[in-house]
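My questions all concern the structure below.
Lettered A, B, C and D in written order, each chain numbered from 1.
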Amino acid sequence: MIRVGLLGTGRIGSLHAETIASHRDSDLCAVSDIDTESANKLGLQYGAVVKPANEVISDPNIDAILIATSTDTHSDFIEQASSAGKAILCEKPVDLNLTRAKDCLNKVGKANKPIMIGFNRRFDPNFAQLKKSLDDNEIGKRELLTITSFDPAPPPISYVKSSGGLYRDMMIHDFDLSNFIMGDLPLSITAVGHSLIDPEIGAAGDIDTAVVTMVYSDGKITVIKNSRRAAYGYDQRIEILGSEGLLQAENIMENSVVKSTKAGIVSAKPKYFFLERYIDAYKAEWAAFVRSINEDKPVPVTLGDGVAALAMAEAATQSQIAGRSIQLEEVL
Amino acid sequence: MIRVGLLGTGRIGSLHAETIASHRDSDLCAVSDIDTESANKLGLQYGAVVKPANEVISDPNIDAILIATSTDTHSDFIEQASSAGKAILCEKPVDLNLTRAKDCLNKVGKANKPIMIGFNRRFDPNFAQLKKSLDDNEIGKRELLTITSFDPAPPPISYVKSSGGLYRDMMIHDFDLSNFIMGDLPLSITAVGHSLIDPEIGAAGDIDTAVVTMVYSDGKITVIKNSRRAAYGYDQRIEILGSEGLLQAENIMENSVVKSTKAGIVSAKPKYFFLERYIDAYKAEWAAFVRSINEDKPVPVTLGDGVAALAMAEAATQSQIAGRSIQLEEVL
Amino acid sequence: MIRVGLLGTGRIGSLHAETIASHRDSDLCAVSDIDTESANKLGLQYGAVVKPANEVISDPNIDAILIATSTDTHSDFIEQASSAGKAILCEKPVDLNLTRAKDCLNKVGKANKPIMIGFNRRFDPNFAQLKKSLDDNEIGKRELLTITSFDPAPPPISYVKSSGGLYRDMMIHDFDLSNFIMGDLPLSITAVGHSLIDPEIGAAGDIDTAVVTMVYSDGKITVIKNSRRAAYGYDQRIEILGSEGLLQAENIMENSVVKSTKAGIVSAKPKYFFLERYIDAYKAEWAAFVRSINEDKPVPVTLGDGVAALAMAEAATQSQIAGRSIQLEEVL
Amino acid sequence: MIRVGLLGTGRIGSLHAETIASHRDSDLCAVSDIDTESANKLGLQYGAVVKPANEVISDPNIDAILIATSTDTHSDFIEQASSAGKAILCEKPVDLNLTRAKDCLNKVGKANKPIMIGFNRRFDPNFAQLKKSLDDNEIGKRELLTITSFDPAPPPISYVKSSGGLYRDMMIHDFDLSNFIMGDLPLSITAVGHSLIDPEIGAAGDIDTAVVTMVYSDGKITVIKNSRRAAYGYDQRIEILGSEGLLQAENIMENSVVKSTKAGIVSAKPKYFFLERYIDAYKAEWAAFVRSINEDKPVPVTLGDGVAALAMAEAATQSQIAGRSIQLEEVL
């Protein structure tokens, strides 16, 4: 039984608490949050001790730390937990600052306990099936990947201001997903983006709609499309053209009911947002982390993967400003 | 070049006129209708002579007669045109009276010119593809066929009164289609039906909603579902379960546009009715008739097929009244 | 916390054990099975006491009994558990013998504790959404319901022999589903069925392919189609035509991946069978039962519903033999 | 009746011949081609005179000229036919050389007879319906347009060498389509592209896979994806995200048959290539040209539209080489 300490008891921390508690090989033993009310409530619900983060990390009875705190604390907690000999699952991104993230990677890179980054979409059963079909060579060589990722509604402007920008906060999921699907890092990255949805987002120096194209050493191409608002709900699709065909992972809907009336043929809307859409992915992610610990296997998403995705976000940010392609090695 | 005389210049006659005129191997030479205004208009449009039906039939310059007049004249015109040595394409049904239809079949059955019945749905490219897949053994042995056939709106009550009833007027298409798909005639027929849409239809002694099940000598089963009204438009589908899989011919839509909004995911409505849906089928039907003449091949839909479908309509009518299964041989 | 005793620890009993254990308001306290090995294994897994059925039923610490034993014991256990003052959830069917089932209903009909029958498909989120749309009058008056229900493969012949036949064992789900969707019992039932898949099934006096049509007092119609074998997997669909449109609950697939190659456009197969397809429905069923107990509300599926479905199976059986429609009141 | 002279009797010219001949307001009177055998054959088939291009153009009995010759002759024939007072429908592109095309536009820009460029995809009923939905404000403000356009197989290498490159030959259709859908010209264009399919294409200095992003003055974005090879057939889709929803025009398939077997759920492949897919669009294009002549209305696709699309192809070509965004005004 893996004894887990959870740092951060907000929305995503609560989701992880449920996942940890319902897995038969893990126990939620301790929780921590700077918002003590939130921490107390979650601790009570799962029968977990509530104490400060540093005490959770140093607790010799704790085997693994799940880091779901604010992004600016991730690198520090990774380093502390690694020093304390814990297995670590840390939410994305590693950091907003690429230099700090690389520094963290250098420090803990040789730890002999698993350190995994929470890019949950790799564990979506649909995306995983698409990846398997590619690896089984069902459509030949990879040529042109398109990732469509639209949120149902933009976050509060306060969130936007501290998010690090769309590329580091939102598209970072898609950068990692393209690395997962393509099995390769791009050579160069070109980005265009604008604030179309809410002028306040533009006033805060951020964008809400963006397209990134990435070119690889063998000439294959990835396109990522992001929007902070799709009126119909969460839209998460992957499409890849190969030398012998096309694979598409279509969006996931609330139900299978189709209504035909004078007004047309109407089917259900998408599952609303990531909590509904990716619930199975979060469970599979936790199960993979538990397996890595129990079977002493490499984690499926490394800290290095987290740094690579952040570097791509950095390159996209620079490309959008410069109006030219940025080589990934310029930022790495 | 096949020189064609058209009897009947109403809605379906006009459609055939266009089909005849646009085929490179046929010419529309003469038209006839008891409504002389309608006949004159169509004659003018296609440069065809207008004259009484018996003169069209006896015209030695005419090679083929297309009969699109009212049902009660079909048998007589078939017999006259056959006597005159013409090739014949006659609209369904052969007759409303099964005895009269069998009589007609006996009289002209040995004619050496093609006599074909206009069951156009056999020529729908989707249904034809489904049939081909079956014949190519793609889903193994036939087990359970379902035909869904809903009209967008009921016909005028005056039409209903002279139609011979839903089974002889509307479901007769589906009886023929099941004979085509199954490649076999059923042993027994069971029908339930009611007037749900318009009380006037019930008052006229007819029904507007019906389900027929048919059992074959080897145990396989057909279900036919008819409704005179589908608020969303024409609905024409076939589905067959075989020992190794399922084949479905889905309904045909107006366009491929999908709209996703707060209200749901909306796609286009079906093509409205048979003129829109089956335009390609009518063309293919005419082309098959022309081929039978030019290449001296058997017609793909015989007068016997027309009599069989009528017998099934008769059996369904009797079954609905009797509340029991009717053996097809009871009526044949 | 509701303390639950489980009778029957086979495949479906094991599924219920997991559902009971993972609900936050219920505890699996005792289990029983004539196969003591199976009972011991499940008891160990969930920390539940293992003892004979009559001791589980009489245990004053047990609040609710879930009956998942063989069908021939259902009526007895319902009566005993009701006498002992327990809330009851019993798997379908109530009994294979309609007289015995009606007798049981008479005996326990006035119990003041909830007695619920496990027709899990009412709790499928897709079917529940379709029902809600109907009740919200989104397609007007109900006219023509079609239920398609195909299993992936026939059960062992030993199971077939003691199953009571396709109508009582398999189609009984669809009879209840039509009662749920239509909100009404039919007047008359007509059935055709044959053994097409496996001659051994026919030799055992059963069928494997069947179509039932049912007519209601206001003329609306239900069609149910059953096959014991769909080579592509479990096929569970509902389609209902109303005066203002059509509602369809489409089949549920394993994933959303579509592959386009020279061979065609290929999408995922259905979820394989009821354990995969209806896992959410079983959870929702148990949650509904718990709510009925905790909030003292009527159960959503009554013992009377179980008897009605059984009567419809009886009528279908008689209709198939007699070759005529059977009035439901002839058997009730 | 509009009397038409056709220049060019190759594949696309033959298609136009059929379209001209089957329209009730136009007659194919004269044809011309440097390949006299091809010209004679088509002339015979449609009863049209065969003579040299300059004689067709100067023939006082000819009202309209359809130019379907090789691209390098387009500008000259446009200028000559315009001088001769003819209405003109010219295949895309106007020219491979932007300066020459602009020169042509300057020379004939004030002609009082219709001059239309054959961007047939504007007339596809699905794309036209999507455009109508946008114009009817069904999804609010335009934000992010994606055009997917994959050919089934690359053209012969000889064609590639004289084609002007993928941007001018293939993507020019999509540039025009984005102008049509967006109702606006972009400010800047960024292109990446590679030869992934056939090294000979790369050796000829061309690419076979490309992605272009375009940004407009109000910040909205277009993405165009092109590949010369989709193993499953022609793939032509449009998708646009607006402030209130998403519109998608899905690809067009050969038929509506779906086959479910152990191997999965298989539906039909796309219509193979442009002749099959866009046959209705070519007819609608010709009908629109005839209407412009008969009703003295502006043509729906002007020579200026042709020059704009060519300028975008020029900018994309430069962007791909330079690795930076090109402003459209840099090339216009």
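By definition in this document, a residue touches a chain if its C-beta (ideal position, glycine included) is under 8 Å from a C-beta of that chain, and two chains touch if they have at least 3 such contacts.
Only a predicted model underlies this, so the values are computations on that prediction, with no experimental measurement involved.
*Asks:* Mind listing the chains that sit against subunit A and also against subunit B?
*Replies:* Common neighbours, subunit A/subunit B: C, D.
*Asks:* More C-beta contacts across B-C or across A-C?
*Replies:* Output for the comparison: B-C.
*Asks:* What is the chain whose Cα centroid lies farthest from the Cα centroid of subunit C?
*Replies:* So the chain farthest away from subunit C turns out to be D.
*Asks:* Could you state the distance in Å from the CA-based centre of subunit A to that of subunit C?
*Replies:* Centre-to-centre distance between subunit A and subunit C: 41 Å.
*Asks:* If you average the CA atoms of subunit C and of subunit D, how many Å lie between those two points?
*Replies:* A distance of 58 Å separates the two centres.
*Asks:* Provide the list of subunit C residues touching at least two other chains, using ranges where the numbers run on.
*Replies:* 139, 230-232, 235, 244-246, 260-262, 268
*Asks:* Quick one: which bits of subunit D touch subunit B in the complex? Just the residue numbers, please.
*Replies:* 22, 125-126, 129-130, 133, 138-139, 244-252, 254-262, 268
*Asks:* What residues of subunit B sit close enough to touch subunit C in their complex?
*Replies:* 139-141, 143-144, 146, 150, 188, 190, 192, 194-197, 209, 211, 213, 215, 218-221, 223, 225, 227, 229-232, 235, 241, 243-246, 323-325
*Asks:* So in the complex, the part of subunit A that touches subunit B is made up of which residues?
*Replies:* 230-232, 235, 253, 260-269
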